[in-house]
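Scrolling down, you'll hit the structures one after another.
Presented sequentially are two complexes of chain A, the first with chain B as partner and the second with chain C.
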Partner chain A sequence: MIVAELAAAELRRRLTGPGLRLRLGPVATEIRSPFAVVASGLALLYAKHEVLGAGDFADFRVAVEPPFGVRRFVAPQALFKFDGNTRFRPLPAAQAFPLLEWGLNWCITMHCHQYLIIHSAVLERNGRALLLPAPPGSGKSTLCAALVARGWRLLSDELALVELDGTRVVPIPRPISLKNRSIDTIARFWPDAAIGDVVPDTLKGSVAHVRPPADSVQRARESAVPAWVVLPRYENGAAMELAALPKCDAFMRLVDSAFNYSVHGRAGFDALAALVDGSDCYAFTYGGALDEAVAAFDRFASS
Partner chain B sequence: MNELPSALLDEALRTPARIANDSVPWEALIASAREADLLATLAARIGASAGLDSVPRAPRAHLIAAGHRCRAQHAVVRREAFEIARVLAPLATPVILLKGAAYLMAGLPPAQGRLFSDIDILVPKARLPDVESALMLGGFATTHLHPYDQRYYRRWMHELPPMQHVKRLTILDVHHTIVPETASVALDAGALFRAAVPLAQATPFAVLSPCDMVLHSATHLFHNEELSHGLRDLVDLDALLAHFGGEGRAFWRTLVARAGELDLGRPLYYALRFTSRLLGTQVPADVVADVARYAPAAPVAALMDRLLDAALQPAAASPATRWARRAMYVRGHWLKMPVPLLAWHLTYKALRRGEEPA
Partner chain C sequence: MNPDPSWRLVAPDALVSRSWDDELVLYNDVTGDTHHLSVLGHAVMTMLASRPSGIALAALVRGIADDAGTSADGELAEVVERTLAHLAELRLATPVSA
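Then we have the complex of A and B:
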């Protein structure tokens, strides 16, 4: 069963009662929340995700709930809870859905050390994976959404889960997170996209999430072989440029982008070295012309 | 296997081999081990008995992940110990490693799967200024910069304010004894140094003698006001008692006598009572009878049984555990300081609430 097959009332019942259990690639999570924005966000953005039964193992049990006391009513807030304990500072209740997304990212990066985890978008064509590792503001998610719009399979817009031998990337398809002006850019570039509510005034500015295509969610068990590492950089109005990047530079940038490189010691070094050895590495500058950018990536994929 | 999540973790730690045969509520077990910071310990114990392959794939991933994290932390602690040794060696002062770092560097069983939050060392009080200066030159800076906090640690506590390496960010606690100066325990820190055992493989470090190590672990747990790591500390005690206690009768006799010498009979009573009660640690019956003289009055003992049973559970979210930990918080402060000083300290802290750290 998938989320879209749950009636709205049943979705609310699970979220406010026993918990909604979802499969997210290699992990499963239980979610509870009384917030209507969380229910509607899940209904829209996780529509194609598999719903698990009460007896299925959940890796993480999370909740997004209001605090006790007056903050339920006056300038209401939302708390993220993990195993029943509050994590992070409270956010305004209007940000409950982004808080859930950020909380889930935290759960995965803090606990899934069976993988080397890199802060990177990951896409796939013909079994070969494209990694876009980058710090915030580099246009990674915009580029990722544009490629997904033109048929690339989404493995993740945030987290590359690399097997420790460096030869496979494991998909964890979840909504793509867009910020500020890129929300309108993608809405124009991909008119069919299912985009959730725009939540203004978060720590990251305005944020909105895009539903991953059904195909990407259904193929979450198909891992991919790393083939390209591309460091994107968005520069307003700049001419597009794709330049070969020395492998040692690509390696160091991946180290900088990894969440748990230090956890893996020698094995982490070997995994990244294998990944970089097997990939063509580039630096990619673009000025916002997404069609031109997607065409450049399509040329790799067919080469 | 017991269906209650609270008893589940204790039982899995006691008899990890049964994991292979029983139907285990894995989700609850993994969540409570994770919350108690005992996931890697559980992984080590299952790995050494039934084997990790006997665990279903989904929970096994958590045990494997915790094992990776634990190995990384152990490598960091070893490297940090080497750096601290390099900085302190010129002082020619005894330096005793405490708790996790001691278990790891001395190769003792509690190190298996143990996660770390900081490194603890014990140095003679007279050498404290030299040690602090040398560590500062070595890149460790004090934390808790508020003048009140500095005075609190330096005048009343058994340790300096925690130090942190400015680049590596590791936290180092420098102790000069093992109970706060303001506590009503008459403990001679010199006795700990005289009995300490040098580590040939890691000069200039030593570790406490086996009995002192148990007594320190017990004091740390049962004098503490903060029990969020309580079950982990109890598991340390269980592993130490199983290891040293297995060496023969002499250990147990010395342990009880030493507790009397150091005025640490009460924490030893609690340690033996709760390791055997919650983790099934084997304590000889005559030793149990012997330490009964250190027990509090019967009504207090009954109350402490109820409080500690709840406070030492992994689930901080359960109301019973939350209330028991609050009660233990009050008790911990009570033991730490005489009442007038405690009143002053709590008043000051209350008035300072909300003030930005300096």
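Then we have the complex of A and C:
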């Protein structure tokens, strides 16, 4: 069963009762929340994800709930809880769905140490994975959404889960997080995209999420071989440029982008070295012409 | 002061490295640090690794010059000395007497 097959009332019952259990790539997550925006967000953005049964094991048990006390009624807030314990400072209740997404990212980066986890979008063509490691503001998610819109398979918008031998990237397809101007940019570029509510005034500005394609979710057990590491950089109005990047430079950028590199020590070094060994590395500057950018990626994917 | 000090790696068994395009990245299991070294840094590390008990600065400069097909002049010696100082700061190399 997938989320889209759950009636709205049943989805709310699970979220406010025993929990909604979802398969998210290699992890199973139990989610509880009384917030209507969380229910509607899950219904739209996780529509194609597999629903697990009440007896299935959950790696993470999370909740997005209002705090006790008067804040339930005055300027209501939302808390993210992991195994019943509050994590992070409360946010306005209107930000409950982005808070769930950020909380799930935290769960994965803090606990899935069977992988080397890199802050990177990952896409796939013909079994080969494209990694787009980049800091916030680099246009990573915009580029990621544009590539998905034109047929690249989404493995992740945010987290590259690299097997410790460095030869496979494991999918964890979840909604693509867009910020500020990129929301309208992708809405125009990908008119059929299922985009959730725009949530203004978050710490990251306005945010909205895009539903991953059904094909990406259904193929979440198909890992891919790292083939390209591309460091994207959005520069308003800049001419597009795809330049070869020395592998040592790419390696060090990946070290900087890895959440748990230090956890793995030598094994982390070996994993990244294998990944870089097997990948062509580039620096990519683009100025917002997404069709031109996608065409450039399509060219080297077919070479 | 010894005018021609010898140098060695601090913990050769703790190092794991990979080279691309003559540059080097390496992980030091003792400090947990990862480093990116230039072509010259790579050459110095390679020379030090080949002489575990230590190598005198003059011999080190000559060896690097020979490998590069250039002359072991004062300018090269100065750059190698600076590189060794940098490697010492990174706790990768140390004077043998230290």
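Here is the rule we use: the second predicted complex is superposed on the first by the 303 of 303 C-alpha atoms of A that agree within 3 Å, B and C clash if a C-alpha of one lies under 4 Å from a C-alpha of the other, contacts with A are read in each partner's own complex, and residues count from 1 in each chain.
As a convention for this text, a residue touches a chain if its C-beta (ideal position, glycine included) is under 8 Å from a C-beta of that chain, and two chains touch if they have at least 3 such contacts.
As the structure is a computational prediction, the values presented were derived from the model and not from experiment.
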Q: After aligning the two structures on chain A, examine chain B and chain C and state clash or fit.
A: fit
Q: Applying the touch criterion given at the start, work out whether A:168 contacts chain B, chain C, both or neither, answering first, second, both or neither.
A: neither
Q. Is A:61 in contact with chain B, with chain C, with both, or with neither (first, second, both, neither)?
A. first
Q | Partner chain(s) touched by A:252 [first = chain B, second = chain C, both, neither] | A | second
Q.
Quick one: is A:87 in contact with chain B, with chain C, with both, or with neither? Answer first, second, both or neither.
A. neither
Q | Partner chain in contact with A:265 - chain B first, chain C second, else both or neither | A | both
Q: Figure out whether A:179 sits in contact with chain B (first) or chain C (second), or with both, or with neither.
A: neither
Q: Could you tell me if A:111 is touching chain B, chain C, both of them or neither one (first, second, both, neither)?
A: first
Q: Give, as a whole number of angstrom, the minimum Cα separation of chain B and chain C in the superposed three-chain arrangement.
A: 6
Q) Taking the two structures together, which residues of chain A meet both chain B and chain C? A) 262, 265
Q. Once bound in the complex, which stretches of chain C touch chain A?
A. 16, 18, 20-21, 23-25, 27, 29, 32, 34, 36
**Q.** Residues of chain A that touch chain C when the two form their complex
**A.** 246-249, 251-252, 255, 261-262, 265-266, 269-270, 273, 276-277
Q) Can you list the residues on chain B that touch chain A in the complex? A) 26-27, 30-31, 34-35, 56, 58-59, 61-62, 64-66, 68-69, 71-72, 75, 315-317
**Q.** Touching residues (chain side chain A, partner chain B) in the complex
**A.** 26, 28, 57-59, 61, 83-85, 111-114, 262-265
